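Let me begin by presenting the structure, written as structure tokens, before commenting on it.
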């Protein structure tokens, strides 16, 4: 395993018979991922594009050895779906579902943690390692195997930046889209050690947003415990205070969590901070070229 | 540390200002234990026999570095007392209190476990390593430093048997009284690995009771993962089925958990099973003599 | 533990939203007839003895009625009768259900896992002990986050319930678990859980409440149908007390030591009668009360076997000496004492001053008391 | 998020057993007088504008009355007035309390710890932002096992409450946490929590409910006092929509990309007006609706910046082309499109057929739209 997924990752897709589940199960398979099972209560016994569908995650795991779950379960049922995946013994849960109440996430997070299960998300694009596996919904077209790690709180902005890396002739080791909800299963400080340990990652791109203090905490960890070069970008520098830009992660409150405080913390930690998304891949290319010359 | 306690064990006594708390805090100190603090909400600032009393366990830990708690908190408040000790960062909780509802114990056990805290009890005499420390209420007079480990579900029967070992001129490494309630923080199978690893224990005495299947599970572990000689005794061989002998651990139900099934499992696992309490120390002495001759 | 009768269990079921047949509990035959006439209990109906023993059906403790008069006659036949030692004081009358299928559902404690366990079986209506393990589905329930929806779905699949019946089961299991949790139950069992038409009905109710939670549930304090009178007195005085068939009274402290003493007495041919566990008291008054309680049970001989820990030997000795002074000569019995442990020397001295010898060896003291009981018999 | 007015917050407080002064909410001056005359609101009383803005005291939005006539006059002065852009439609009348001490208590989410946090301070009655960290005690609350008694005891010690007031606080915190948990609140704040005589009273109530939990709380769906009309329409169509002061409309997908687009437009001197986040739709109909909604906001130019993931480029292109056909010529505006990602080629082809060019470079496309907006102004 490099970061979170590898060629042994076997995915069960919860909610596979829904539109999103079907589409993204296909996308994961096209990426080369072993999608071994789907689950939709009441639809066990059927199949979606040849992937067998089960009534329960436990049955799916017993029959296929699935070790990762990708959840497209509607928000009101997402908590139950996650608990079921944890109970069934899956070790990685990518929670694509958006609009999950954070009170539900508190229960899900602490329960999963007590069982040693990692959650990515909710409201997230998931994780992908080109050439190995993808659990989630990041579009396949933006990837190309390489040595740049990407960790991000955003969705489409991540695709934009990952795509930029590809267009500069470079590739990615692993890309994790953490999701920007108030309570996430994996935050920057949880993800950084994975990239630090990963022999396939030379450089890390960190994409943050205004709101919360996850980027400030990440900066502290980069300063003290992260040895690889970091290129960062913080979206929302010009967002007006107090206005919601689409999800709860993007609220500016009490002067903490501003773009300025995040940029300053990251720069102090030695990260190169891009001012615009297109600058990220430019800086990455510059650093890669320098490293290549050495 | 040998098993659970050692010379670095610093005890906070919760409920120290009650009669039991005061008496047993004194007993622990006479044993040589570092009793560094007491806690009774509303009585902070005072002292009991010179031991400072605090309002909260967190305050006691901050001021004294206590790392073990001994709880004499009445049953209705025991759950809160235990949660408080866990929250305060104590790593070992000996729960002397009896009559704690098992529904409370379920919460206490799973919470403590998620925080890496070990509970001994409830309704138990606690743990003692002669010459090192005692957390609990086992009478000091029965001990003498030595190399016999004792683990038991009983209270006074344990004292009787530990005393018998002393009267045969031998001594104990560590004695743990687990308590016989339906839900215990530490069971035989949790305790056995501690004695297996303990370089100061040569031989283990296991004292069980009818009811439950803890002894059968212990037998399985002894058979496969325990290398030291075991001398066992099961109380209640002649107890009538279905009658309560004093606490909930001692109910015979559905033919499981009978003395016969426990004795058979232990003998199959290679343990020497005494028929009466006084036979335990006789067998221990015999084995010790044999080992001495070798 | 507090075992509830079926009628009381079904009251709890109603309170928590677990469906039960229309019915009521009565304690006289005329009330039974009246309950049917008033329409409170639809016909045909079942009349069941409210006793805790199992196997009521075979023992004639369950009868059927199709008219008010038959209900009265059935109640009259059952009330006052004795089943496995229990006298029937109440009968439950309830509408007779037309059963499509009989299922089994329960919540109990799995001690090893330290978790409640949900057990379901499609083979309900028979003693669950007779159902093979392969036919019982077990799911542990974590107190956090509690019984999950996916677990209820699995139970429905195992029981072959879908559609409206599946939804019924989902609600029923949620409510039954709430009952188990909030009422501090040791066991909540529905056998049979019946499919009746398009719905589920709990046709029996077995609920056992934990004693230790009585501080939260004072309402159960009065219910202890299976205690003898002396056991009830002992309970009020907070002394663990068990009555068996033999003639030797035993006063010990701690469940383990009490049972070990029983084992030793039997070994030497003794027949233990009353067992009295002092627990961890160090109040001489309580020792005195325990001894007087023992006297009421009229043992042929008494064995006092104490290992002092929380209970100090001198405390026990003082209490015992105080009690000896108040027992009339006619009620005296041979006494063998063995006191060891904390303050042993002081305790022995106190006993000696009152003319009682302490025999330190367990083998020897047990043999003495067995001989004394035989001499007294 | 759904911010509740003080009056609605206090209704919830009452429901959960958090003590509040006697009072009522009215929307006319005569009703205010009547509420006092009827005895519903004891005198002297406070009359408070029910707006969400802070600093009501300084803004004249809180007044006092000692007679029914004064209550009427106070209500008349406040109703219809505007505070920080909000028009007052309701006032809360309640008994004026004689305050002994003012405290602060709240439950909020600590994102980093992923735990609710109980915050208390003995320095209540002022903006909590102005209270130093050293004067605020924070205790994280684990969802399992929930707010513990020892935590409530600590809060009482920090606040200097003991005896009856300590017991009051213990109950109040338990009830407030239940409210926070069961109502899916983001924030529950009591400032000041006042000591009044021998009891505690919540003199203000700030409650924010989480939007995402609306499937559990349909009762809050109607409450969104701080949305503009277009924002409300967008909400109904499930399109994230934010109105700012500029003149460039932006249609993008995803919060991060939307904010990044804003950053880039500002860099090139643009003034973004309406922001519209399509999220992860792949329904052309929704794209069409979004575009028509944008037209209603009358932007000087529109920038469509889409990176196709869940949203496919061809879907967006189809929706856009459909919308272009229905916008009247008088309402047309310059449009710059940039669509990348999934099905990019198909999307670009569809747009080209409708006469719209896609500019792949973000820098270049942003500069084009800024220039277009300036040209149209």
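Chains here go by letter, A, B, C and D, matching the order in which they are written, and residues are numbered from 1 within each.
Keep in mind that, in the parts below, a contact is a pair of C-beta atoms (placed from the backbone, for glycine too) under 8 Å apart; a residue touches a chain by one contact, two chains touch by 3 or more.
Everything numeric here is computed off the predicted structure, so don't read it as measured data.
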Those chains which touch chain D and also touch chain C: A, B
Contact-richer chain pair (by C-beta pairs counted) among A-C and A-D: A-D
Averaged-CA centre spacing for the pair chain B and chain A, given as whole angstrom: 46
Where chain A and chain C are represented by their mean Cα positions, the distance between them in whole Å: 55
Chain centre separation in whole Å, for chain C relative to chain B (CA means): 27
Contacts with two or more other chains, residues of chain A listed in rising order: 107, 110
Of all residues in chain D, the ones touching two or more other chains: 142-145
Chain A - residues contacting chain D, complex: 20, 75-76, 98-107, 109-110, 125, 137-139, 141-142, 152-160, 163, 180, 182-183, 187, 207, 209-210, 212-214, 217, 233, 235-240, 243-250, 254, 275-278
Chain C to chain B touching residues, read off their complex: 1, 109, 111-112, 114-116, 129, 142-144, 181, 184, 186, 210-213, 215-216, 240, 242, 244, 252-260, 262-264, 266-267, 275, 277, 279-280, 306-311, 340-342, 344, 361-363
Residues of chain A defined as touching chain C within the complex: 41-42, 55-58, 77, 79-81, 83-84, 87, 107, 110-111
Contact set on chain C toward chain A in their complex: 142, 144-145, 148-150, 153-154, 157, 162
Residues of chain C touching chain D in the complex: 143-145
